[in-house]
Amino acid sequence: MNTGDYEAPAVTKPAKIKSGKSPWGSIATHAVLGFVTLVTMYPLLIVLRIALSPGDSGMSPSLNPIPREISFDNFVAVVTNSSPQGDWLFGRQLLNSAVISIATTVLGIFLATTAAYAFSRFRFPGRKAGLMAFLVSQMFPGVLMMVPLYLILEALGLLNASFGLVVVYATIAIPFCVWMLKGYFDTIPKDLEESAIMDGASQFTIFWRIILPLSMPAVAVTALFSFMTAWNEFVLAFTFMEEPTAFTLPVTVYSYVGEQSVEWGKFAAASIIVSIPIMALFFALQKNLVGGLTSGGVKG
Amino acid sequence: MAEVVLDRVTKRYPGAVEPAVNEVNLTINDGEFVVLVGPSGCGKSTTLRMIAGLEEITGGTMSIGGRVVNDVAPRDRDIAMVFQSYALYPHMTVAENMAFGLKLRKMPKAEIAKRVQGAAEMLGLTEYLARKPKALSGGQRQRVAMGRAIVRQPSVFLFDEPLSNLDAKLRVQMRVQIAALHRSLATTMVYVTHDQVEAMTLADRIAVMSMGYLQQYGTPMEVYRHPKNKFVAGFIGSPAMNFVPGKLSARGDDLVFQGHGLELLLPPAHAAACASASGCEVTLGLRPQQLHAVSNGEAVVGTGEITHTENMGSETFAHTRIDPDTTLVVRLPGDRLATVGDTLAVGVEANRFHVFDADGVNLTRETQRGSDAAA
Amino acid sequence: MSVDAGPAIQFGPRAPLYARISDALAAALVVGIVAGSVLGLTRYNDARDHRRAVETQVGAIADDLAQRVASAGPGAVEQVPDNVAAAYVVTSGGVDDFGIAVGSDVAAQNVRDKGVVNADAGIVKQGLLNRSAELQDYFDKKQEIPKDRRYSVVKLSDTDNAFSATAQVVKDGKYDGMVHVVTRVPNPAPSTPTSQLLLMLLLSVILGFAASYVPGIKRRVAHGLAVAIPTGLTFMAQADAALVLWPGVVSLVLGGVAISGIASVFRGVREQPRTYVYVVPAMIGMIVLVFVPFAMGVAIAFFSKDGDFTGLGNFQEILNPSATTHPNFYWTTSVTILWTVLNVLLHVSLGVALALVLNRPKLRLKAMYRVLLIIPWAVPNYITALIWKSMFNQQYGAVNSLLDVLGIDQVNWIGPGSSFASNFIADLTTNTWLGFPFMMVVTLGALQSIPKELYEAADIDGAGRWQRFRTVTLPLLKPALIPAIILGVVWTFNMFNVIYLVSGGAPENETNILITEAYYAFKVLNRFGLAAAYSLLIFVMLLLYGWMQNRITRATEGAFE
C-alpha cells in the first residue's frame, strides 16, 4: 500500500537502540522471544491436534501437539453439518456470517469515516459532547443493552433480519473506530485541504479523494475491527435470530461445547475454520495495525 | 487577468479583541506583482487568505476583476495559490497533482495533458511527471506547486511564503524563476513574505503591514526612500535603519537635532518640514548606507568606538558606539579595514535622513521626494 | 454534558426565531425520550399482564374441558363457554414398540369462529397431532408442559388476538390425548393512549418556545418545567402516582441540564447544515442502538421483576445484601477490581516488554515473531476462553500434563470442588494470553514514532540503558499508552466471556465479576431490573474511573482541540 506517506513529522525512522555487542545478547533475546512465542502458540497447536484427531480422542493428557492419528472427520462433520430438515446448516451459516460481516464492514467504514472526518475537521455545537458520548458508550455493559435492544429491533421490524444484526454490529464498532480515525485524520496537514479547495474541490471531494486515500492504514484497521466485531459475535446473533438457518457460524461453534454437549473435536475443527479468515486479515493488515492504531495518540 | 481591490477589508476572529486585519484598502492592478510584507502576525497571510477565499471577510468588500467576491467560493474566484508547505497531494504523481484542479473542472483530457506538459516544460519537470512528491527534492516540490497553479491559468496567482522552506541558494534561484514567470505570464500576482529582500527584488509594489494595518503601499524604491513612518523605515532595508531619539531645538533660524551623543543641523528643507516639531521629542532615522566615515573637513555628527564589525567583502558594517546606549551601524567601503576598538567619526549624507515625530510619522517624507526630484 | 458553545446568541425577548424553535424542538425531544420510554415500558407491562390474565382464563377452560373429555368422551367438546371460538379434542392410540405415539386422531371439534383457525384443515390437523405427540412426551417424562407449548398468541387483526391453550387428557393415570381451545380476545385499550403523548409533545413545543423568552439562568428552570409538566401530565390518568412523580423529576433535571446544549446543536444544524451531514448517520445509529437502549436499561433498573416500579429497591438489594448472601456485591466488586488491575498490569508489562525487544533494529525473524505474537488477538475471545478451559481440564488438560512432567502434583483447576485461587488463576491466564498483543501493537506503533535523535541526545547526555528508557521511551509512550490503558481497563472490567466460559464463577460464584453477576441475574433469575441495576453500578464505577484517570493524566486533552 503506497499511501499515507505524506511528509508528516510522525513518519520517522524507527528509534535505534543499540543491541548488545556480544552474540550472547542476541541469543538471549531469541531464547526469550522463542519461549514467549511457544507459550503463545501452544494452545493453538493443541487445538489443531484435537481437531485433527478422530472424534474427541485429541483431548488427551499428552503434551505432544502432534496428533497420534490424523483424521479429517471432525472437519468433515463440521462442514457437512445439516439440520434435521436437510438444510445444509454450515453452508447457510457461513454465507450468513460472510454477508453480515462484509455488510457490517462497509456500513462501519461509511459511518465511522464520515463522523471522524467531521469531528476532526469541523467545529460545531455538540462536537465535544458527541466525542465524549462515544467514549463513554464504551463503558455501557452489554447485559444492560440486551433487552432494550431486542425491543427496539422488534419495534423497527428488524428482529430475525440479517440487516438488524448488521446495523447493531456497525454501531458497536463505531466509537472505537471513530476515535482512532479522528486521531489519524488530525495528523493530516490542513494545507492539503486548503490546496484542494483552491483547486476547486468540494468538501466531499476533499474527503473522498484526499483524506480517505491518505488514511488507508487507519481505514484498513477500521475495516478489520468492524469485520471482526460481526464475524466473532454470537450472543446477539443467538438472541435476535430464531431459525438455525439464520444463525451465524459462531453460534454453532459455541453450541458444540454449550450446555447440552461437549464435542471437543468438532469444536476445535470449527474454531479453526472460524478463525482462519480473521487471522488472514490480521496478517494482511498487521503493518497497518501498528501505524493506524497509534498515530492518533502520538503526534509529532 | 484581473485587478484585485480591497475596500476597507477587515477580519475579526471571534473572541479576539483587536481585528487581525483592520480596514485595509489596497488596489492591485491587472498584471501587477504585489508583495505583502511584514513581521509574523501582522495580518499579511490573513489578507492573502481572504483574497483566496479561505478566510471569511468580516467587514468591507473585496473584488476581483470588478466582481465583489465576499461570498464567492474559492473555486469560483479564478485564482490559484502556492502554499508555504507546497501542500502537494502525497498519493498522486506530479502529473496527477497538476491535473487535479483541471479534472475537477471537467476539462477534456487532451487539454489537461497539453497544459500539464506545457507547465512541466516551463518548470523543467518533464522527467519527474510520473513520480510521487516524496521522491522529489525540496526545490522540485516547490516547482510542482507552482506548476499546479500555472496549469490552471488563473487570473490571479497567490503565493504564501513559497520560498521559506528552501535553503538560501535555492531561494535565490527560485526568486529569479518567479520573476521570469511573472514576466512571461503577465498575470496579477500577490505574494506574501516576511523577507524584505524578496519583497524588494520581486515586487512592482510593496504593501507593508503591521498589527493588522496597512502601513504603506508603494514601489520598492518609494517604500525604501520615502517611508511613511518609523515602522516601515525600520522594516525595509538591510541592515535596518538606525534610530536615535532626541530633541529638535531652534538655534537662531536653524533647527538642530540633539540627543545621545549626536548633533545634526537640519538643512533648510528639512527644517521647514519639521518646524512644527520644534522643541519636541523626535526620532532621527539614519540608514547605514547614508552614514560614512568623515574625511577631512566634513561635518561630524557623532564620534565613537567601533564595538563590532560585519565584513561582507564588498562592504563593511561598523557598529559604532557614539553614546553609552546608542550604537550606529555605519557602512564602510569594503576596501577600508575597520578594527574593533578604533574610533570612528561619523558623517551623514546631506538631505538623506528622516525625522519621525513622537507618533512615528515621517515628517521629512515630502522633503526627500523634493530633493530626489531635484537630483 | 458540555456542548461547545455556538456563536453567542442573545436570549430573552430578542432571541431570533430559529433559536426559539430550537428550544421548542429540544424540549419536545426530551419529553419524547423520557415520556416515550416510560410509555413504552407501561405498554409492555400492560400487555404482559393482559396476556397472563387471558392465558389463565383460557387455560382454565382447557383444563375443564380435558377433565370432561376424560370422563364423558370427545362429545364434551360441544359444551364449552360462549367465548370459545374453537375447540378440538385429540385422542391418543398409545405408543408403538419404539415408543412413538401412533393412532392419534382428531376425534371431535367445535369451530364457531372460522376466522381464528387456519383455512387449511389438513395443516390444522397435522399441527394438533404433532402437539399431541409432544404433550405425551412431557407426560411420560413427568415434566410440566413449558409455558410456550401450553399457550400461544396469534395476531388476528390490529384489534384482535387469538389466545389458545392446550391441556392433557388423562384417563386412569395414562395419557389419552389432549384438548386445544382457541378464544378471540380484543386488545384492551391502553391505559395511556398515544394521542395523549402527542398532545403533550405539542405542549412541550409551546412551553419550550416560551422558555426562550426567559433570559439568564432562569432559562434553565424554564427548560426544566417545559419538559417536566408535559411528561408528568402524560401519565396523569395512571393509577400509580410514581409514574407521574419519577418521570417528572427526571425530566425536570434533564431539561434544565441538557436543553440548552441540545438546542445549540439544533441551531448549529441550521447555521452549518453541511457539517452535520457527516455526523448524522453515525449519530442516528448510535442514538437508536446505543444511547436509547442505555436509557431504557437505566429505566428498567427501577422496576421489579413483575414490572412494578420499585424506586431504588433493586439497588438496595444489591448494596445492602442480607448477611447470608455470598458472594455479595462487595466481594464481587473487590474481585472485579483485583481482576482488572492484575490483568491490565500483566497486559501492559508483557506488551511493552515484548515491543521493546521486537523494536531492536537488528533483530532477525522480527516479522515472524510479530505475526505469531499478534495471533491471540485474532482468535475470537469466546474460542480462546473455551480453548483454555480445555487446557485447564484436570484429566486431559495440557496444564496438568505439564505439571506432571515437572513432577508437581496435579491441580483441580476449574472442576467441581476447585478453589477460588485456582479458578481465578485460570481466568487470569486466559485473559492475559488474549490481551497482551493489543498493548504490544500499541507500544510498537508508539516506539516507531519516537525520533532517534532523542536517543542520540540521551546518549550524548550520558544516559544509561535504564535511564534512557525512563527518561525518553516511557514519557513518549505515555500519550499512546494511557488511552490504551483506559480502554483496557474498561474492556477487562466487562470481560464477560472469559469468566463465564472458563471458571463460570466457580466455586459458588466467587470468581464472578460484576458483569457475570449481572448476567446471572438476567439469565438465571430472569430479573431484568436487578441485572440493569448491576449494570448501572458497573457503568458508574467505570465512569468515575475514566473521569479520575483523565483528570490525573489529561489523556484526552488535545483530542478536543
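Labels for the chains are A, B and C, by order of writing; each one numbers its residues from 1.
The criterion applied here is as follows: a contact is a pair of C-beta atoms (placed from the backbone, for glycine too) under 8 Å apart; a residue touches a chain by one contact, two chains touch by 3 or more.
These numbers were taken from a predicted model, which means no experiment stands behind them.
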Select the category (line, ring, star, complete, other) that matches the graph of chains linked by touching. line
By Cα centroid distance, the chain farthest from chain A is B
Per-chain Cα centroid nearest the overall protein Cα centroid belongs to chain A
Indicate the whole-number Å distance between the mean C-alpha point of chain A and the mean C-alpha point of chain B. 56
Chain B-chain C separation of Cα centroids, rounded to whole Å: 67
Averaged-CA centre spacing for the pair chain C and chain A, given as whole angstrom: 21
Which residue numbers or ranges of chain B touch two or more of the other chains? none
Counting only residues that touch at least 2 other chains, which ones in chain A make the list? none
Could you list, by residue number, the parts of chain A that touch chain B in their complex? 2-7, 189, 191-192, 194-201, 205, 210, 213-214
Under the touch definition given earlier, write down the residues of chain A that touch chain C in their complex. 10-17, 19, 29-30, 32-33, 36-37, 40-44, 46-47, 50, 59-63, 110-112, 114-115, 117-119, 122-149, 151-152, 156, 167-168, 170-172, 174-176, 178-179, 182-183, 203, 207, 231-232, 234, 250, 253-254, 257, 264, 267, 271, 274-275, 278-279, 281-283, 286, 289-291, 293-295, 297-299
Touching residues on chain B, where the partner in the complex is chain A: 52-54, 74-75, 79-81, 83-85, 87-91, 100-101, 104-105, 132, 134, 148, 152
Over in the complex, which chain C residues touch chain A? Could you list them? 1-6, 40, 44, 261, 264-265, 267-268, 272, 274-276, 278-279, 281-283, 285-286, 288-294, 296-298, 300, 354, 356-365, 369-384, 386-391, 393, 395-398, 400-402, 404-405, 433, 441-442, 444-452, 454-455, 473, 476, 479-481, 483-484, 487, 490-491, 494, 496, 515, 518-519, 522, 528, 531-532, 534-536, 538-539, 542-543, 546, 556, 558-560
